[in-house]
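Input: structures, listed below.
The same subunit A turns up in both complexes below, where it pairs with subunit B and then with subunit C.
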Partner chain A sequence: MNSKRDLAVAISFFVFGASVLYSLAHMQISPGVNEVYLTHYIIPNYVCAVIFDWRAYDTLGECLVLVVAVMVSWIVFGKSLYDNTYLKELFHAPESDDYITLQGWGEYTPIIKFLAFPMSVLMVALGIITVLGGHITPGGGFQGGALIAAAFILSVIAFGSNSPLWFDHKFLEKLEALGALGYLLLGVAGMFIGGYYLFNFTEINGFTIFPAPKEIITAGIIPYLNIAVGLKVLAGLSTAAFLLSCEKVIIEKISKSEEKLE
Partner chain B sequence: MIMINYLVNRMDFQMASFITSGLLVIIGLYGVFFVDNVLKKIIALEILGSGVNLALIAIGYNGGTIPIKLPGVSVEVFAKESAYPLTHALVLTNIVIEASMLAVMLGVSIILYKKYKTLRSSVILKED
Partner chain C sequence: MNYLPMMIVFPLIMAIIMNLLHGKEKAVKYITFITAAILIILPFISQYGYYYFGGHGVVNGWVSGIAYLYNPAKQAIIVTLSLIASLVLITGMGEKLKNNMFVTLSLMGFASIAAIVLADDIFNLYVFFEIVSIVQAGLVFLSGTEEAYKAGLRYMIMGNVAAALMLLGIAFLLASTGTLNITDMKHYLLVDNPMIYGGLLLLIVGLAYGAGLPPFHNVKADLYARSKGFISAMLQTYSKFVLVGLMIIILKLFNGLDYFASAHAVLIALGVLAMVFGVVMALLQSDYKKLLAYHAISQGGYVATGLALGTPLGIVAGIFHAINHVIYKSALFLGAYIVSCKRGSNLHKLGGLLPLMPSVAFMVLCAKLAISGIPPFNGFQSKWMLAQAAMQVNMPEIAIIMIIVSIGTFVSMMKAFYLIYLKPVDEETLKEYQNKEVPKLAVFSLFVLTALCIIIGLYPDIVTNYLWDYAKELGVNYYLK
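What follows is the complex of A and B.
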């Protein structure tokens, strides 16, 4: 039984692999809609224009994908963190806000402790630059948000819950909701002003949405969408990494509570 | 031999990227099919996703510059020289979705280990 199924899997694997290589070797490429994207100027970063103006619904979809992934992580791990009464009722555990402790973790060398916080500050600054300059230079909300999340994770790994760069998980939830809602509401504003959801309007009643030099005055709502996406990504990735790292502490708490019950 | 000659004559930067992405997809698929460890399957899925991203970027390559317009360059000149921005946008979307999928898969693998005390998929699926 196993050998027959393995043989079938091997045959289908080789057929699929050969067809993948053959089709890639004979790829025929046509620019298609790219000609429209390239000949209509919106902002200097044309990838950002595609992501937030031409195909803004696609970016809305991927924002919500990340939100759902963080929600699933909460469902799997977060209940005992978010609602301490669950732990209290089930195991009579003492309520504590110290989710990450260095007990059981290796103590890091002074090199890591000395360098982690300055590195985190620099990474946050670089992330902010990447988010704000996303419509001009390479980068944007996703790249900048990931940088700031990496700074948060670095500090938490080096210092635990005593990290100088610390966001409470409830604050991260609010930040993620703020970013996602910011994106959604900017789309609704476009509906009122231009008649379409996520319409890229450049002014309201004579006021310019994004005051800028003449060449990039057509950015419109794109910088604000970048900021919303940056907030959502930094909060989402920080929360997901936070929850995965807290699992050990949760299990330790439950084990200690079980010992007390015996 | 004819096939090798054909590929060597057509080989350039874009063709090499296509072949590399095809090999990455095949390696990832091999890991998903034939490797027993759950974490190694997850790593294989990431390799497969990297192959797909590389294929998309290679499709957008046309020998020109990156799709960032510099000051002073006219739109007409830039449109002729730029790489295709659509594939770059698709890759950015795909990277975020891969990261989300990875977080969920890692969470589920932690739960599986707590329940079954092993990461062998054959044991988890009760095959042996």
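What follows is the complex of A and C.
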């Protein structure tokens, strides 16, 4: 039976792969709408112009994908776990030799301890630069936010809950909501000022939205969208990482609840 | 000012706010009722026509930004969607657990489905397709049972594969046509290029996954069955309108082209298979929600078949059936929710509920007759139109299958009705029933939906008048020989 199944899988993959390659062999590239993007100047970073101006609504959708993913992670790992006995059994399995016990937490080499915190600080700084410079250099909100989240994760892995770089999960929740709401409401502001959702307005009553040299005065709301996305990504990824490491917290709570029962 | 984007943006804003309100039950309830009311108003204050986000319209002959298209047909769909969403949100306020997360995910899902229906941009459609996939898994997780986690996890794993293939299809279409806008893309599909055809087939994979057509029907049915009853009502509404949204786009792009013929046959086959598989599996079930779940798959097959025919009558019938189906299937799932508040959903352990809640039994009976396609209910009107559409293109075998599937639907529905409401039970069970409360908000929602079944059944023009113009635009008349 295994050989027949393997044969079926192999044939399926071959047919699918051959079909894809056959399609690719007949590729006839058409530049299409990209000519519009490349010939109409908005900001020096053309990718950022497409992501946060021409197609800013797609970026809103991508932000919300991350928001929903974090919410679902909360449902699975964060809140529901305390109500399910079968998961208690799973998490309360006997500890094996390769299991990192609570007592063993923090047993990293001195090199990691020495370097982790300064590396975290540098990564946070780099992340901030990436977010703020998104409209004039490669990168932007997603990349910058991910960098800051990576700094947080590095520090937590090295130092645990004693990490000098620490975000409380309620704070992260508010940060994520702030980022998402900021993006949504900037779009609504565009409706009232320019008539269209996510309209990129450059000034209100004569005041420039984003102070900049005259070559990039057309940035408008793009830097603020980058900041909103950066906050949201940093909060989302940090929360997800926190949830994935909360197994020890769960075990502690289960142990405490069992002590109460006894 | 055009308030069209507020149909998507307003529920998203409320969803984010709700996520911050956990632990504040009264605030959640109050704001949810207000939000539910506003959702119904939004489709009526938006203007028809194209809407260009960011003000980026046609530049050098290309639609340069992301466009939405709003017309009477889409308005009918979104009004139905917002009505179901409002009723489910209202019903959910009767629950105790995790109100804010339920509201958040429901609003996210509503916004995503509305975006999919409105989208005239194939990548924006994909983005919201992603969101609604995760939302559906999240909503089933809220049940908190082991089976729910398994069902949601299976759905997400399958979703990884299906969505990746769909994205590959979008990449093929983008490379071949140079644009993601559907109105522009249509002008570049005349050449018979294997890459474009490959993109079409990969889109159909995403369609099958999002709608619960074979081979994804078991995974989707499990998703419906493992959720709470009122959440199942929302989930099946999402799936039905993903099906309509994606099918409209496929028809808009490809209907009438020569090389669409075989893909056309694939779509019809998927619809017919879903009809048959769904009803056969439903006849075997002893769990009430599982039975209803497979009927949702079966009725989804009707919608897919009607739209896949590709004629104006077929498209009107398909969309009309989708609207009718979400109404009476939501009523049935709410009925199942009320029953499960009494004593779970195992058909062989239930019985004798008629004396305790005769009005609920009557309303559920109406919904069951509606899904069976019996006049004077709305299900009869749309199934009749579907059969006519099949006959019109000289496919009487499809019309016959539709009728046989309706008979199977009727049989399993009446069996379930007997086992739940009519079967005699002993005194102890009756006393146990007395102690359980009936959720009043669910009964209210059930009443509204049942009234709609009868009203649309008697006056189908209320809905179909909105659908014909767009169907004539999309549809192509033909007659098989």
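As a working rule, the second predicted complex is superposed on the first by the 214 of 262 C-alpha atoms of A that agree within 3 Å, B and C clash if a C-alpha of one lies under 4 Å from a C-alpha of the other, contacts with A are read in each partner's own complex, and residues count from 1 in each chain.
What we mean here is this: a contact is a pair of C-beta atoms (placed from the backbone, for glycine too) under 8 Å apart; a residue touches a chain by one contact, two chains touch by 3 or more.
On a predicted model such as this, the values are computed, not experimentally measured, just so you know.
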Subunit B versus subunit C as contact partner of A:Y46, first or second or both or neither: first
Partner chain(s) touched by A:D168 [first = subunit B, second = subunit C, both, neither]: neither
First, second, both or neither for A:E203, with subunit B first and subunit C second: neither
Which of subunit B and subunit C A:F142 touches, first, second, both or neither: first
Touching partner for A:G190 - first (subunit B), second (subunit C), both, neither: second
Touched partner set for A:A56, first subunit B, second subunit C, both or neither: second
First, second, both or neither for A:V20, with subunit B first and subunit C second: both
Touched partner set for A:L243, first subunit B, second subunit C, both or neither: first
Which of subunit B and subunit C A:L38 touches, first, second, both or neither: first
Intersection of subunit A interface sets (partners subunit B, subunit C): 20, 24-25, 27, 29, 31-35, 37, 39, 55, 58, 61-62, 65, 68-69, 72, 76
Complex contact set, residues of subunit B against subunit A: 7, 10, 15, 18-19, 21-23, 25-26, 29-30, 33-34, 55, 59-60, 62, 66-71, 75-76, 78-79, 82, 84-86, 88-89, 92-93, 95-97, 99-101, 103-104, 106-108, 110-111, 114, 127
Residues of subunit A touching subunit B in the complex: 2, 9, 13, 16-17, 20-21, 24-25, 27, 29, 31-35, 37-39, 41, 44-47, 49-51, 55, 58-59, 61-62, 65-66, 68-70, 72-73, 76-77, 137-138, 140, 142, 215, 233, 237, 240, 243-244, 247, 251
Subunit C-facing residues of subunit A, complex: 19-20, 22-37, 39-40, 53-58, 61-62, 64-65, 67-69, 71-72, 74-76, 79-80, 83-84, 86, 173-174, 177, 180-181, 184-185, 187-188, 190-192, 194-200
Contact footprint of subunit A on subunit C as seen in their complex: 1-2, 5, 9, 12-13, 16-17, 19-20, 51-56, 59-60, 62-66, 98, 101, 104-105, 108, 115, 121, 123-124, 127-128, 130-131, 134-135, 137-138, 141-142, 144, 146, 149, 168, 172, 175-181, 184, 188, 191, 193-195, 197-199
